[in-house]
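Supplied in structure tokens, the structure appears directly below.
Chains here go by letter, A, B, C, D, E and F, matching the order in which they are written, and residues are numbered from 1 within each.
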Amino acid sequence: MPTLHLEMHPGRTLEQKRAFVREVTRVTVETLVCPPESVDIVITEVPRDAWAKGGKLLADG
Amino acid sequence: MPTLHLEMHPGRTLEQKRAFVREVTRVTVETLVCPPESVDIVITEVPRDAWAKGGKLLADG
Amino acid sequence: MPTLHLEMHPGRTLEQKRAFVREVTRVTVETLVCPPESVDIVITEVPRDAWAKGGKLLADG
Amino acid sequence: MPTLHLEMHPGRTLEQKRAFVREVTRVTVETLVCPPESVDIVITEVPRDAWAKGGKLLADG
Amino acid sequence: MPTLHLEMHPGRTLEQKRAFVREVTRVTVETLVCPPESVDIVITEVPRDAWAKGGKLLADG
Amino acid sequence: MPTLHLEMHPGRTLEQKRAFVREVTRVTVETLVCPPESVDIVITEVPRDAWAKGGKLLADG
């Protein structure tokens, strides 16, 4: 711990995920004051037909 | 917010998911008193070999 | 299952929570076609100093 | 309830998942004192390019 | 990882939680074949007015 | 979306949480390429008697 769960839409590249976990870990270490090895991040990609806002699936946008 | 996460088995049609998010958003807005655009719903489909009840995977029914 | 997790701010009355779980269960049963007893709902109240949007805690308006 | 969510890497066999849910349900019933039928377990397999530790995706080991 | 999240009602003693995490970790190590130190368990106690089944809060039992 | 859930131990100051959500939002916007207003962060503080590692509650050190 700290443990972070990210939910986002699919479509980001592996390079973007790499940059995300590197940078989020860096600022987590700085602001929460903890060793880098203690930071776990789990990424979940939510398809557009599985996320709704305002009562409408994003796929139906 | 409010944010809702739904876990269910696979097998529902897109039309059922559409009806689910429309109706759940409607009753959330009515009962919790919030704007429709503030309601997010994320649907996760859990395969039958990944859900257990009473110590048995549902796939083993 | 289906299982629903709701995250919202504190401040709703017990009567609102009662209406929420009754109505959400009703429309879940109708749209996903499942028995009422199979629907679990868990409510989490997230304090305003524990939810951020746009990089700002809601408590900081 | 009780409800358990397990996150782990892919690669375990169906037989391992079967043993896991059987044994975890057994010790849950013993230690928390509840009927076996009340124990739900949901398993999520997190790919190695979706889990980071110390700022690095496990896939980049 | 593996990481486990447990949701249950309040009311268990510290001794029960101790036994739960010890036993669940033991059988997780045996069935999933992983080192004990890799097993994290997070316990969330859900109040009876925040859990509904069949459209009714458990508090209204 | 993207939505982030952070689990950590209690004890951080409000100022640390403020810095955390500001910085994590900033690097999320940069790496995932999304508007700041789309980034939600929810913080959960997990007490030391509710988190176990290696079969032991952290409270039991």
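The criterion applied here is as follows: a residue touches a chain if its C-beta (ideal position, glycine included) is under 8 Å from a C-beta of that chain, and two chains touch if they have at least 3 such contacts.
For clarity, every value in this text was computed on a predicted model and none was experimentally measured.
The fewest steps needed to get from chain B to chain C, moving only between touching chains, is 1. Counting hops only between chains that touch, chain C reaches chain F in a minimum of 1. If you compare A-D with A-F, the chain pair joined by more contacting C-beta pairs is A-F. At the interface between chain A and chain B, two copies of one sequence, fewer than half of the residue numbers in use appear on both sides, so the contact is built from largely different positions. Separation between the centroids of chain C and chain E, computed from CA atoms only, is 21 Å.
Mean C-alpha positions place chain A and chain E at a centre distance of 25 Å.
Shared contact sites, meaning residues of chain A that touch two or more other chains, fall at 1, 3, 7, 26, 40, 46, 51. Of all residues in chain B, those touching chain C in their complex are 1-9, 12, 16, 19-20, 23-24, 26-28, 30-33, 46, 51.
Here chain C touches chain E in the complex through residues 14, 17-18, 21-22, 25-26, 36-37, 39-45, going by the rule given at the top.
Chain B contributes residues 7, 46, 49-57, 59-60 to its touches with chain D in the complex.
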